[in-house]
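See the structures that follow.
Each of the next two complexes has chain A plus one other chain: chain B in the first, chain C in the second.
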Partner chain A sequence: MVAGNVEVLEGGIQTTVQDYPGRPGMRAQGFFPAGAMDHFAHRAANLVVGNQPSAATLEVTLGNVALRFETGATVAVCGAPVAVSVDGEALPLWEGRRLEAGSELRIGISEGPGFRMYVAVAGGIDVPSVLGSRSTYTMGALGGLDGRALRTGDRFPLGTESGDAASGGGWRFRESARPPYAREWEIEALRGPQASPDFLTEQDMATFFGRTWRVDRNSNRTGVRLEPQLFQWARSSGGIAGGHPSNILDNSYPVGAVNVNGDLPVILGPDGPTAGGFLCAATVVHAAFWKLGQLRPVGDTVRFREVTIEEAVELDRELDARLTGTSLEQV
Partner chain B sequence: MANRAVKSPLPGTFYRRANPQADPFVSEGDRVEPGDVVGLVEIMKNFHEITSEEAGTVERFLVENEDLIEAGQNLIVLSD
Partner chain C sequence: MGATASAVIERQPAREGKPGIAYRYAGDRAVLVEYGEMEFDLTLNFFVLAVNDALGTWPLEGLVETAPGFRSILVSYDPLQLSVDELLDHLHAVHESLEAEREITLPSRLVRLPVAFDDSQTRQAVERYIHSIRKDAPNCEGGTNVDYIARYNGLADREELYEAVLGTEQWTAFIGFFPGLPFMFPLDPRDAVVVPKYNPTRTWTPEGALGLGGPCWAIYPVESAGGYQLIGRTLPIYDLAARNAAFRESPLLLRAGDRIRFHRVEEQELLELWDDVHADRYPYSVEEGTLDVGAYLEWLPQVADEAGKRRRLREQAATAAPVP
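== the complex of A and B ==
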C-alpha cells in the first residue's frame, strides 16, 4: 500500500500511473517500456502544470474517475474529449487549474473521438520508482501503484512542485498545438522488419498499406488487435519455425510493431511482449505511437501510411517542437 | 412515471448471460432493483457487469446478445 494525500473515490475501468518514456532499453531483460500510451497528451498535461515530460501522470481509460485532493494542487487533464469538473464546476481539458485542499476532481465517460485522458498534477504522482520508472507495466504487474490499476480507496502521494510559473495553474495548451482526434485514423509506419520480398509479397504490402483496418474490442495496452487478412505470403511455410508462413525463428519485437500471428495483425503496445516467433510486417513510428492510446476499441478504423526513417525522424522533431513553452498561453 | 433506460457506461460487446449455458441475467417482465446485474460488456479482454441504477420492470431490450455497443448506449427499457 502507498500512503498519500490524494484519495481515489472512483478508479474507472483502467486508470494507471504512467511516466515517459517508461523503461526503455530493457527488452533484453524481458520488459517492454510501459509508459504513457498517448505520450503526446501525457507530455502536454505535464507541460501545462510546469512538470518535466518525464513526470508520472494518471492514464485514464475511457473515464469515470473521481479523486479527492487533501492538499492544494495544480491539475490538468489532456486527451480525449470528456466532461471534467472540480467540485461541480467545469474544468476545460488542456488547462491547468489550482485546486483548494479538499477539492474533488471528477472525470466523466468520454464518448470520443479518442479513448484516454491524462491527469497531470504539479510535482507528479510520487509512487516509488521501480527499475527506473514509475510506470505501471500491466503485463508484469509492477510499477505504478502496487503494479495495478487504481481502485476506490487507494491513496497516492504527490511530488514537489517545480516552482515554474505554470505549476501555480492558469495556463493552457493552445488549441492550434493540440493533435486532431478522429474515428478514422491514419498512422505512420515503417515497412518491416519482416516485409517483402522475403516474408510477404509486394501485393501483400500494398494491401497492408492500402486497406482500412477495424480496431478490435479486445485491444489494450498490450496490443491493438486489428482484423484477419488472408495474405499471399512469400513463403509456403515458416519452415523449421512452424507450419504457417507467419512463423519465424524467435526474435526481438520492436515497440509499435505490427505483429502478424497467423492471419491476425496486432500492433504491439507499450506493455507488449518483447520477443516471439511471428513476423512483424511494419512498425509504427514514435511520432505516431501516441495515436495507439487514442484508438477506441469499438468503431475506430486505421489506415497505415508508409514513411521512410528520415520522415519518421522529422515527424518526431515536429511533435517535440509542439511540446514546448511556445504552445502554452495564459487562461 | 415515464419509461427509463439502463445504459452501458462502456463500449464493447454486450452479453445477456454470464456464460453461454447460463440463464439470462434478466428477461422481459422481470423486476430489477438498483444494483442488479442486467448484462456484461466485454472490452480490453475484460468483462464488466452492467447494473441497473433504478428499480423497475424490464419492458424490452434495445440490443441483442453479442451486439457491439457504444459508451452511453441505451440497453434496456424499464417501466414501473
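== the complex of A and C ==
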C-alpha cells in the first residue's frame, strides 16, 4: 500500500501508473519495458504541466476515473476525446489547470476516436521506483501501485513540482501539434525481422501491407490482436522449431513487432512477452508506436505503411520536435 | 517501397570456425543478429553468449541493450545517437575479436535444484485445464502430463522419463518470455526429450512448475498461463520481495549460461523447502564454474551413437502418439 495526497474515488476499467521509456535494459532478464502505450499523449501531458517526459502519469483505458486531490495540484489530461470535469466544471483536454485542495477530477467514458487518456500532475505520480521505473508491468506484477491497476480507495503521492512556468497551470498543447485520432489507422512499420523471401513470400508481404486489419476485442497492453490471415509462407513447415511455418527457434522480440502466431498476427505491446518461437513479419516504428495505445478494440482498423529506416528516424525527429515548448500556448 | 526493401541488412558467410551471421532489421530501434542456420545446435548458443559477453565489455554510445535468444541476439539502440551502419561496424569488430567456437570458454554456474515429480500442484493445473478448457486433451489423460510425455518419447514408464531429467545438466540458453524464465536444453543429448505444446494453452500454472515444450525445458517464475507440458515442481526462481538471500542482488535466480542439475525429492520435502526458502533458511546451491566448449564438442561423439539410437526410438514413438 502507498500513502499519499491523492485518493482514488473510482479506478475505472484499467488505469495504471506509467512513465517513459519504462524499464529498458532488462530484456535479457525477461522484462519488456512497460511504460506509456501512447508515449506521445503521455509526453504532451507532462509538457503541459511542466514535467520531464519521464515523469509518471496515469494511463486511463477508456475512462470512468475519479480522483480527489487533498493538496493543490496542476493537472492535464491528454489523449482520446472524453468529458473531463473539475468539481463539475469542464476541463478541456490538452490543457493544464491548477486545482485547489479538495478538488475532484472526473473523467467520463471516451466514445473515441482513440482509447486511452493520460493524466499528468505537476511533480509526477511519486510511487516507488521498482527496478529503475515507476511503470506498472502487468506481466511481472510490479511497479505502479503494487503492480496492478488502480482501485477505489487507493492513494498515491505526488512529486515535487519543477517550478517551471507551466507547473502553475494555464498552458495548453497547441491544436496544430496534436496528432490526428481516427477509426481507420495507418501505422508505419519496417518489414522484418522475419519477412520475405526466407519466411514469407513477396505476395504475403504485399498482402500484409496491402490489406486492412480489424482490431480484435482481446487486445491490451501485452498485445494488439488482429485477425487471422492464411499466408502462403515461403517454407512448408517450421522445421525443427515446430510444425507450423510461423515457428522459429525461440528469439527475443522487438517492442511493436507484428508477431505471427500460427495464422494470427499480434502487435506486441509494452507489456508483451520478451521472447518466443513465432516469427515477426514487420515491426511498428518508434514514431508510430503511440498509435497502438489509441487503437480501440472492436471497430478500429489498421493498415500498415512500409517505411525505410531513414524515414522512420526522420519521423521520430519530427515527433520529438513537436514535444517541445514551442507546442505550448497560454490558455 | 521498391524492390530493394529487405529485412536482411547484411549477411556474412561462416569462416574461421565461426558461424555465418545475418543482420536483420527489427524495427528502427533494434537489429536482430542471427548465427548459423536454423538448426538445433547448442554450439550456436555458446557462440551467442560469448558475443553477448563481449558486447557487454565494449561500451558504445547509443547501444541500449542486448538480449540473447537460442541462436540470435536482439541488439537495441537509439537511432538518434547511433546509425545502423555504425552499429553494424561495431558488431563486426566484436565478431572479429572473438575466437572460433571451439576455443571458447564460457562462465557457467552450476545450480542444483530439487524437483518433486507429478506433484499435487501441477496435477491441479492439469485438472483445472480438463474441467475448464478441454476435456479430451490426449496430453492430459489420467490428470497428468507425465504419462503423455513418456509415451510420446517411447519411454517404458515414468521412471525412465525422470531419469532423463535427472541424468543431465540442463543448459540455460537464455532468459525470456516472463521475467526470470530460463529456456533450458539438456547438455547430454542422450537425455533429450521432445513433446508438442498444449492446444489451446492453459490459463493457470503454479509457480515453480517444470515444463517441457518441443525440446526445451522451462521453470515458471510466477503463477501464469502456459503451454508447456508439466512434469513436476521445483523451488522459487524469482522473488521481487527478496525473502531469500539468493534474490538480494537480483530478483532472478538464474541467468543465461547457467547449468541446472535437478535432484529428486518427495513433495512433502519440497513443500518444507519452500517454507525454508521464504524464511531465508535455505541456501540455494550455486557454484561458480565454466563451460569449455572445445572439451564439450570432443565429448559429444562418444555419446553420439547412443543418442542417435534413442532419437530414432523417440521419433518412431512420436508418429504413433496423438497430438494435442
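Convention: the second predicted complex is superposed on the first by the 331 of 331 C-alpha atoms of A that agree within 3 Å, B and C clash if a C-alpha of one lies under 4 Å from a C-alpha of the other, contacts with A are read in each partner's own complex, and residues count from 1 in each chain.
Convention: a contact is a pair of C-beta atoms (placed from the backbone, for glycine too) under 8 Å apart; a residue touches a chain by one contact, two chains touch by 3 or more.
Predicted model, so just to flag it, every value in this text is computed and none were measured.
**Student:** Looking at chain A, does chain C or chain B touch more of its residues?
**Tutor:** Of the two chains, more chain A residues are contacted by C.
**Student:** A:195 in the overlay: touching chain B, chain C, both, or neither? Say first, second, both or neither.
**Tutor:** Only chain C; A:195 stays clear of chain B.
**Student:** Per the contact definition in the header, classify A:312: touching chain B only (first), chain C only (second), both, or neither.
**Tutor:** Only chain C; A:312 stays clear of chain B.
**Student:** Touching A:219 in the superposition: chain B (first), chain C (second), both, neither?
**Tutor:** A:219: touches chain B, not chain C.
**Student:** So in the superposed three-chain picture, is A:71 touching just chain B, just chain C, both, or none of them (first/second/both/neither)?
**Tutor:** A:71: touches no partner chain.
**Student:** Between chain B and chain C, whom does A:85 touch in the aligned arrangement: first, second, both, or neither?
**Tutor:** Neither partner.
**Student:** With both complexes superposed on chain A, which partner does A:276 reach: first (chain B), second (chain C), both or neither?
**Tutor:** The answer is second: A:276 touches chain C but not chain B.
**Student:** Between chain B and chain C, whom does A:298 touch in the aligned arrangement: first, second, both, or neither?
**Tutor:** first
**Student:** Quick check on the complex: what are the chain C residues that touch chain A?
**Tutor:** 1, 5-8, 24-30, 32, 34, 38-40, 52, 64-74, 76, 79-80, 84, 174-181, 183, 214-216, 221-222, 240, 250-252, 255-256
**Student:** How about chain A: which of its residues touch chain B in the complex?
**Tutor:** Listed in rising order, the residues of chain A that touch chain B are 13-14, 61-62, 64, 109-112, 217-220, 296-299.
**Student:** Can you tell me which positions in chain A touch chain C when the two form their complex?
**Tutor:** Of all residues in chain A, those touching chain C are 24-31, 130-131, 139-142, 189-196, 198, 239-242, 248-257, 273-277, 280, 283-287, 306, 308-309, 312-313, 316-317, 320.
**Student:** For the complex, give me every residue of chain B touching chain A.
**Tutor:** Contact set of chain B toward chain A: 9-13, 42-46, 48, 68-72.
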